[in-house]
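Consider the two complexes below, in which chain A is the common component and chain B and chain C are the respective partners.
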Partner chain A sequence: MSDINDLLKEALTDSLGVPSESITPEATFEDLELDSLALAELAVICEERTGHPVGDDNINIGSSLGEVSAFLDTITTPHKDSA
Partner chain B sequence: MLVLTGATGFFGSHYLAAYLVQRRHDRVVALGRDSPAVARERLKSALTATRWPIDEQHLRRVKPVQIDLADPGLALDGRVYAALASQTSRLAHLAGLMAFDTSPEELNETNVVGTRHILRLAEAAGRHIRLLHISTAYVAGAGTTGVVREAVKATPGPSLTRYERTKHEAELLVRRYAQRTGRTTVIIRPSVLATDSLRQPSAPRHPLQALGAAARQLQLATARGTQATPFAPTHPVTARVHGSPESSLNILQVEHAAQALVELTDAALPHRAGPEVIHLVHPRGTPVPRLLDALVPQLPCVRLTMAEHLDHPTPLENAMRRLSRGAHLYTHLRHTYDRTNYHRVLWHLPDPPRLTHPYLLAALGTHASPCACRTTNSPPLHRSP
Partner chain C sequence: MNDPIAITGIGLVTPAGTGTGATWRGLLAGRSTARRHPGLAGLPVDFCCAVPDLDANKRLTPKLALRLDRFTQMAIIAAREAAHDADLGPASYDPTRIAVVIGTGCTSLERYESYYGHLLNGHYRKISPLCIPRSIPNISAGEVAIDLHAQGPCLTTCTACASGATAIGTAKTLLDTGQCDVALAGGTESVCNRMSSAAFCQLGALSTRIQNPETASRPFDADRDGFVLAEGAGILVLERAADATARRHAPYAYLTGYGASCDAHHITALSAHGVTNAIRSALRDAGLQPGDVDHVNAHGTSTQFNDQTEASVFQKLFPHNPPVTSFKGTIGHSIGGAGAIEAAGAALTLKHHTIPPTANHHRPGPGIAIDLVTGVPRTADSLKTVVSTSFGFGGQNAVLVLTSA
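And then the complex of A and B:
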């Protein structure tokens, strides 16, 4: 996934004060110098805005923004039945 | 990591600015009621209004976190609360409501309930946490004279104001926390903090600045002389200020107080069973008549005198009392403040400079006001040294 979804971008810039130029799919939370407090806040913001639970495993210090974006896409995209 | 409340207030912004400049690698969490985006703007505005050279690099080290002091869990999600507590090694509680014309409920909610919830956060943190609780030197009760000791009074006794009562109740909560947990706790009691630095309109105000603004408002009303004002002097009028000519206020330069608090954030403290109480006060009180002298240029139509008893106040005297927003309650005090603990811990800090007449003029924001009366100046009440 090349694009970081808007929700993640907005949460990182507005709520956590991450400069927008630092936000790239490859950047990890460690690269952005976000600590466990910031990750806990991010998880809560994502839960509030998507209405889906976000477990600690899905957002951790080594996660890249691309990975988290992909995860958020998964939980926010309506599930399609294959039948 | 340092966590603080009240970072956008007058003392809080000076403390945080001094801390960021002097503790170059530390990160700070600023707890406040605004959303992070709004808080960042307010922090920038408040911190850059201080004398410290604050730039974007400093501001980036401050992380605002939105809380509600009225909520036991600070209105934080449990995970965020736990992460915050686990990272907190220094907790400075500067948020408070200093007002004399507000409801007891509002004062209680911020000053007592808010402190209780901050203590809860301190308990959730590691046992090596240091709590710095900002109280006030004006918790001495209704007595007008004597030496105020650096100790928490066990019983409240009569208070001068409801504000003072709530600050004393908060001190009792902090003392119980310190005795129960055995954790390092400092109760810091600043006096009236002020600065002679030119303030931007958006910067947090200090009490002397508010007093100067009230004097300007009064002068404009007298100069306008419309029917809407209860007095319209065409001659200089004499107005009595309710209080003792012997009274003094303790006013301290905020820059000195901020430096002292930065030192107290890390300073070695003697081990004791309860909290360390430290007065952040000026070694010399400022006589109230000297303060009134500094108001003379703002009130050229009014000759101020002091009266122990204010019988049959005039409309002007009533207006002065209303505009002073509670300052008149302190014009009878002749306290001196014990500084034993201060000297023991902060022995290396030089005393602040004397508060000169030009300093007071600048702190009050004094400048010449328009005058409708026949003379341009009233004689000073007290000649400054």
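And then the complex of A and C:
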């Protein structure tokens, strides 16, 4: 869990209703049963919160949460409490 | 005249509570559910009848609930209840023979304030990709079909405030013509949002009794001054009476008649001629005469004009003066949900031989001489035939006839 970007974690639980226990670095969006519309919604949320464009290259159905976290870490200010 | 259609399941989500039991108890109590709503703060009309215990995250799943606007959340919750009530298990019917027909009067404006805010600020990329799929009126029928794996005809009827009754009538037609074997039919709507309140208020349709919201909706009363916006969903399970008998499922009542008409007269003002035509058409479909009507579940919005016109038609068409009630005093006007909730309530009235009272009615308006049920429920043991009326902007009228099982 500690490897998941905070913004991603919050968007998945609070906006897309993904149970927090299923949020692991290895899980893909497909594993979480999120469809392309849900990913489009996630991209808009990430873009709005970071001010950085987020496209299909960054978030797609086969992406793992670890990969997306790494991408989001590069465009967000790291949080102090990240392990 | 066609074979009767049995009402074998009911699901309700209303300002009186989530579930058929909670709604029926609330209707019998006959106390207004109108309250100030935090989401409407600062608007000229800051109250409405909202569903107090929707709790969609829990009743659905967070993942499903967050994808949907309230009108679809309510439709799914009501449809699940209705399907369960009718014992409509996965094995009981061929899924391709199950229709879903749900009425909704408006596009869901619940989140449009923020969407338009982004648009006006040039932030197009901030508009949710779900803006369209979660707000289009037909999505509730689509989502219900997904949820219950119903693969027959699936559609939304839109006749404004008559949409829910039109949906039930349309489903009856699908059953009559053999297009399906079962129909989940009803209506759903939430207009408990800022844009709906502001816009209906500008139209002059709403009660502005902001000091005492709970006294605002007062159908047929002398001091009525408009309707109260609400939200809610009502879903019925309909099937041919012979099929219900074959699987030994006792119906609440039979849906025996549907009549529709258009005033072709004015976009918002009701015409006595159009109303009369719709009632006569529904009675003809049921093979009945006006004198057979034992009770009327009225549209009764609490606007000056609607109630006056509707009462004048009843007085002329039903000289035997059957008891009349309007649920809108208790649960307000949920637009596309209203006609379906009222049809469900009419079925419960027939089953329980009890007519819920019209809340907030103290003295009839001038020229209104109907036998309105007020104060407390009225027991009516010999109740056999109920007419439920619904009228929409655009002059679109839908009337249902229900007969005791």
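Observations on the structure shown:
One rule holds for everything that comes next: the second predicted complex is superposed on the first by the 74 of 83 C-alpha atoms of A that agree within 3 Å, B and C clash if a C-alpha of one lies under 4 Å from a C-alpha of the other, contacts with A are read in each partner's own complex, and residues count from 1 in each chain.
In this section, contacts are C-beta pairs under 8 Å (C-beta built on N, C-alpha and C of every residue); 3 or more make two chains touch, one makes a residue touch a chain.
Quick caveat: nothing in here was measured; it's all calculated off a predicted structure.
On the superposed chain A, the positions of chain B and chain C overlap enough to count as a clash.
By the document's definition of touching, neither partner reaches A:Thr74: not chain B, not chain C. Judged by the touch definition given at the top, the superposed model places A:Thr50 against neither chain B nor chain C. Look at A:Thr24: by the touch rule set out above, it reaches neither chain B nor chain C.
In the superposition on chain A, A:Leu37 makes contact with both chain B and chain C. Overlap of the chain B and chain C interfaces on chain A: residues 15-17, 37-38, 40-41, 44. Those residues of chain A that touch chain B in the complex are listed here as 14-17, 35-41, 43-44, 56. Put simply, chain C touches chain A in their complex at residues 57, 61-67, 125-130, 133. Residues 27, 29, 35-37, 40, 60, 63-65, 77, 79-80, 82-84, 86-87 of chain B are the ones touching chain A in the complex.
Against chain C, in their complex, chain A makes its touches with residues 13, 15-19, 33, 37-38, 40-41, 44, 47-48.
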